[in-house]
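Next, two complexes with subunit A in common: one pairs it with subunit B, the other with subunit C.
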Partner chain A sequence: MTRMFKLPVSVMLSGVAIALFIAVTALAPVLAPYGVNEIVGISWDPPSLSSPLGTDMIGRDLLSRFIWGARVTILTAAAATLLACLLGASFGILAGLRRGWPDMVLSRFVDLVMAAPTLILAMVLLTILPRSLAFIVAIMALIEATRFYRLARLIAVDTAALDFVESAYLRGEKTLWIIFREILPNGIMPILAEFGLRFIFTVLFLSTLSFLGLGVQPPLTDWGSLIKENKDGLLFGITAALLPGVAIAVLAVAVTTMVDWITAGENGGQ
Partner chain B sequence: MTIAIAALQRRRWHRGLWPYIARRLLAGAALLLVLSSLIFLGTALLPGDAASALLGRSATPAALAELREKLGLDQPLITRYLTWLSAFVQGDLGNSLMNGRAVSDSIAARLGNTLFLAGFAASIVIPLSIFLGLFSVRYRDSVIDRTITFVTRGLVALPEFFVGYLLIYALSISLGWFSSSSTVFPGMSLSSRVVATVLPCLTLVIAITGHVTTMVRACVLDVLSRPYIEMAVLKGVPHGTIVWRHALANALSPIINVVLINLAYLVAGVVVVEVVFVYPGMGQFMVDSVFNRDIPVVQASALLFAAIYIGLNLCADVLAVLANPRLGFTS
Partner chain C sequence: MTTSLLEIRNLTVRAHGNPAAPLLVSDVSLRVERGTVLGLIGESGAGKSTIGLAALGYARAGTSITSGSVRFDGIDLFQESESYRRALRGQRIAYVAQSATASFNPAFRLLDQIIESSLRVNRLDRGAAQERALTLLDVMGLDARTIAMRFPHEVSGGQLQRAMTVMALCARPDLIIFDEPTTALDVTTQQDVLKAIQHAIELQSTAAIYISHDLALVSQVADRIHVLRHGCTVEEAPTIDLVTRPSTPYTRALLEAGVHETTVGHRDAHVALELQGITAGYQTGSAIVRDVSLAIGRGETLALVGESGSGKSTLGRVVNGLLRPRTGRILFDGRELAPSIHNRPLADRRAIQTVHQTPDTSLNPRHRIEEIVGRPLAIYENLGRQQRKDRVGALLEQVELSPSLARRFPAELSGGQKQRVAIARAIAARPQILICDEPTSALDTLVARDVLALLMRLQAENSIGCLFITHDLNIVRSIASRTAVLRHGQIVRAGYTSEVLAPPFDDYTGKLVAAVPTLPRVDPEPALTLKWNAG
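Right, the complex of A and B next:
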């Protein structure tokens, strides 16, 4: 509790920023003045009181689209990261504990996926697969899972070599018990830190795919497609295309600062 | 990659510089071969194939079968892969499904454009970030160091498309200094080509310099914490000489590594930047082809991108060993 009172300013600001993003995601229907595809004005209306960011090419309110887009971006990225974490961490821990040929095969496959540029890999898969939200989440989760796998496997291998795990085995504990009672409590912090960093990466990944026209498809909208649709608006003084970039940067800095602070507290506090 | 290295090491090859380089080259080639099959399988095994992608959902089964036969899709997978791979290494990248033209013709000019842009950016990023990194170490904990650290940290968080459109907004739309799209064409003079690519190049520089500077600074600081540096300090060597003569020589190999790995990152970054500036390079070509589900083009571009990426990583390893030959002898 004492740490609460000497929070660094940067951490407090990051906390506020993260809370704001969560609030926008959760309360989008309340916060957004208009519906996502509601046409409220003429083409490229300049910013006004009724639409503070102006309107897009077909007259939709850009502030509303930004808020709805935040929801899609953050929820999709969170879902992909969560799936990646569950997939990567469970396979990683199992591989690290059991070793043998399944570990060998999985680890080599992960090496292979990590040796290729992620964007190129995702683009190859998106050539054939349908570009629906479910498939995009699955593709991102699969690629990101390799990072979680590596980390979790390393933690499992390191922890399994310690005396208390060995004595748990000798006591006759089951593998699942060992995973949940011995490995996870010891490895949860690095995995959580990785979760934060990977979430940021996934937001950027999703936005990039959508910006390239390969991610979220209309009628849904996200930050990346917002940039794609409104880049021509820059010519008419509609700067909404820049807003998602700022939002991503703020989110990235806030989450990284938070993760740094939490991991530093964990290491320094004991 | 690791399997190949481990297998080679188990045979207890003669350790040394050239065997090391040979081993790394072999491992890189093996990795590329496996990746090529992954890329091929990624576009061949999944539901739907080139024929259904080309004809769309309303195609009749007869038309599908006919097109499959024409494209050789009725052949077994392994035959198709080997035919594709052997044609690929001979420079025949297949024909585009969209316009039937040879992929190699369309790619050649674009690959040149992309390499020009990446090379242009690299020629600025490398000296700039090494200078900034060393400079901030030289004046460590001063206002200069803090400013450099703060700015580079901030730059790392900015997505490329944001930087790109911000530059377009500021330098092209508001000030009118540059054109917002980088038009290049064959036969263009070098100077006008450089002017046309200033904005995309600047975007890449801003996107990567932050990473490289931070890592260069960390590498040099790591070396500076070694005992022989303390020795040099104790014997009264000026701080500047310590950084430039003692630290840099030993930090060279990690720095080379960091720089080249970040250049490999250029490969992915260049895709976005090319689309932002409508630059006729490989990245934009590949995005269009993915959008149109033009499988042969995607396969060829993906393999080329992967080859460049792996090649740069390989160079990073080899150059690091050349800069610090001890690395070649450790397993």
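Right, the complex of A and C next:
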């Protein structure tokens, strides 16, 4: 309890920022003044009371589009990261525990994926595959899973060498018990830290893909597509294209600060 | 009036952060005269190293010296600037740490690292410095020319520790702080290194502070001994007086802990575990254990002794099934056991339990004590939650711990308590064979004695056969009815302990026995002299 009172200001601000992003994501239908593709004015309308950020080239409300875009960006990135974590961590721990040929095959496959430049790999895959949200999530998850795999495998190899895992084997514990009760509790912090970091990278990754036109497709929109559509508006004094960039930066700082604080508190807590 | 070389007066050191935490060092005063050796003795947490570092004019990060003074040759170190103190270190005060491996740069040859401070501090030219280093290596009993040109990873731990002493001596300091310089070495090497250190400091008439937790060891080098406990001085006296007529109960207890009472039980005719012609090794390379045969009776303790690397622990891993032997059979109760743990049924797993060396790694830091101790009950006896809870409480009482500790995590217990939990976990399975791999070597002397006594009591009460792996012959004498001496994976001598550890010896056993530092018995008569050899 005493920790609450010693909460650093940076952590408090990060908490507020994260709560805001979650609220926007969850409450987009309530918060957004208009529908995502509703045309409310003329092309490149400057900011006004009815549309505080102005309108885009075909007269859609930019604030509404930003809010709807936040929802798509955050949910897609979260889903991809979660999937990547589950996939990477379970295969990683299994490989680290079992060693032998399964480890060999999985690790070399992961090396192969990691050796290819991620953006180019994703672009090639998305040019030949359908650009639906499900595929985008799957491709990003696959690429990010390699990072989780490496980390989880390392944790498993390290922890499996400790006497308490040896004891569990000797006692006759099942593999699932060893993974979930012996190894994971001791490796959850680095994986959590990696999760925060990877989530941010996934947001950036998705935005990049969308900016290049390979990511989220209309009628849906996300922050990357917003930048792409509105970069010309900068000429007309519509600064909406900058907003998603600011949002990504704030989200990145908030999440990493939070994760830092959680993991540091855990390590120094003894 | 001449000043002492080092004079520490009323030193108090405190850790930052928690003002309620006990002082690391509290009001300690000591002095070291030129050319003499002061032994600093105490259990872990006694503040030995903190005092050693203070003598260098250094306070570890997170600690600060709140009062007192450290005078070196009349200079008050903490009144001087950090750059002045830094210049003093290496030149006039040197430090030899416990782990030599961490103190050498793996990328340079030993000679270059040894002479570095002589070049910098004494302004010797390269040739003269090398000359001096080679002479000192010679004095330390090393083959100077070959060792000097090697890289740190190419020499053994004992050689590296000696090279580090040479590094400290090379700049001809007035004072050397030895911080447990032989603790990480095994017994025989430890003795060689100690003698070499003693010889070299006598030759240069260097003064030294020798920090250790091993009273018997320190009594061989030190002129005076200063006993510390919880950061406070217990007593200080000339070595001979301290070991023969200790004036405080604590020192007396430390002395007595080295001399174990003999509580050897006698062998049951029934053989519980038998190894027949075991040869084992890891996937690649030659066998680590070769053609070992031995038997343990029900309720009997068999000690397995040998230097590090002799294959003791490997044999333990063969017995509990973690390492499949290349050849040979393991018989339990007259029946052959599956060579690999994966093929052993639960009943066999339960019958053979292991107590590891360090409870820090053998207890999962994320599990509560009740889960650690209760797990074997869940697996082997299918006990329900409440029954398990009751049994855990009873087991904790059996290992002399309060049942209220059940809700704690391992990190909230002391080293001795943790090892008791590990023992409780082993006993919970109601085993017939217990493999103890150096279960007390990571503990302080007094704690180790109690844990050992507990282990022996439980073993006798439940007539458990025990394979006790250790390098400490003092322990062997007091607990094992029979002893097997292992060297390079082969048994070189085996039989009743009283016979194995009595002359005539073979070379190796003789060396092991001679290497054990022993103390004279505490005796009111002051005429006793220190003896080395127990045999």
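FYI, the second predicted complex is superposed on the first by the 270 of 270 C-alpha atoms of A that agree within 3 Å, B and C clash if a C-alpha of one lies under 4 Å from a C-alpha of the other, contacts with A are read in each partner's own complex, and residues count from 1 in each chain.
The definition used in the following text is that a contact is a pair of C-beta atoms (placed from the backbone, for glycine too) under 8 Å apart; a residue touches a chain by one contact, two chains touch by 3 or more.
These numbers come from a predicted model, not from an experiment.
S.K.: Classify the contacts of A:Val40 with the two partner chains as first (subunit B alone), second (subunit C alone), both, or neither.
M.R.: Neither partner.
S.K.: Is A:Asn186 contacted by the first partner subunit B, the second partner subunit C, both or neither?
M.R.: A:Asn186: touches subunit C, not subunit B.
S.K.: Name the contact category of A:Leu162: first (subunit B only), second (subunit C only), both, or neither.
M.R.: In the superposition, A:Leu162 contacts subunit C only.
S.K.: Looking at the overlay, does A:Leu154 come into contact with subunit B only (first), subunit C only (second), both, or neither?
M.R.: A:Leu154 contacts neither subunit B nor subunit C.
S.K.: Have a look at where A:Ala138 lands relative to subunit B and subunit C in the superposition and call it first, second, both or neither.
M.R.: Neither partner.
S.K.: Is A:Leu170 contacted by the first partner subunit B, the second partner subunit C, both or neither?
M.R.: second
S.K.: Touching A:Leu20, do we find subunit B (first), subunit C (second), both, or neither?
M.R.: neither
S.K.: Would you pull the subunit A residues touching subunit C in the complex into a rising list?
M.R.: 162-164, 166-167, 169-173, 181-182, 185-186, 270
S.K.: Name, in rising order, each residue of subunit A that touches subunit B in their complex.
M.R.: These residues of subunit A touch subunit B: 108, 111-112, 115-121, 123-129, 204, 207-208, 211-214, 224, 227, 231, 234-235, 239, 241-242, 244-246, 248-249, 252-253, 256.
S.K.: What part of subunit B is in contact with subunit A in the complex they form?
M.R.: 1-3, 31, 34-35, 38-39, 42-43, 46-49, 53, 153-154, 157-159, 161-163, 165-166, 168-169, 173, 264, 267-268, 271-272, 275-276, 286-287, 289-291, 293-295, 298-299, 302, 305-306, 309-310, 313
S.K.: For a test of understanding, state which residues of subunit C touch subunit A in their complex under the given definition.
M.R.: Going by the criterion above, the answer is residues 320-322, 341, 346, 349, 353-354, 356, 358, 361-367, 375-376, 379, 411, 425, 429.
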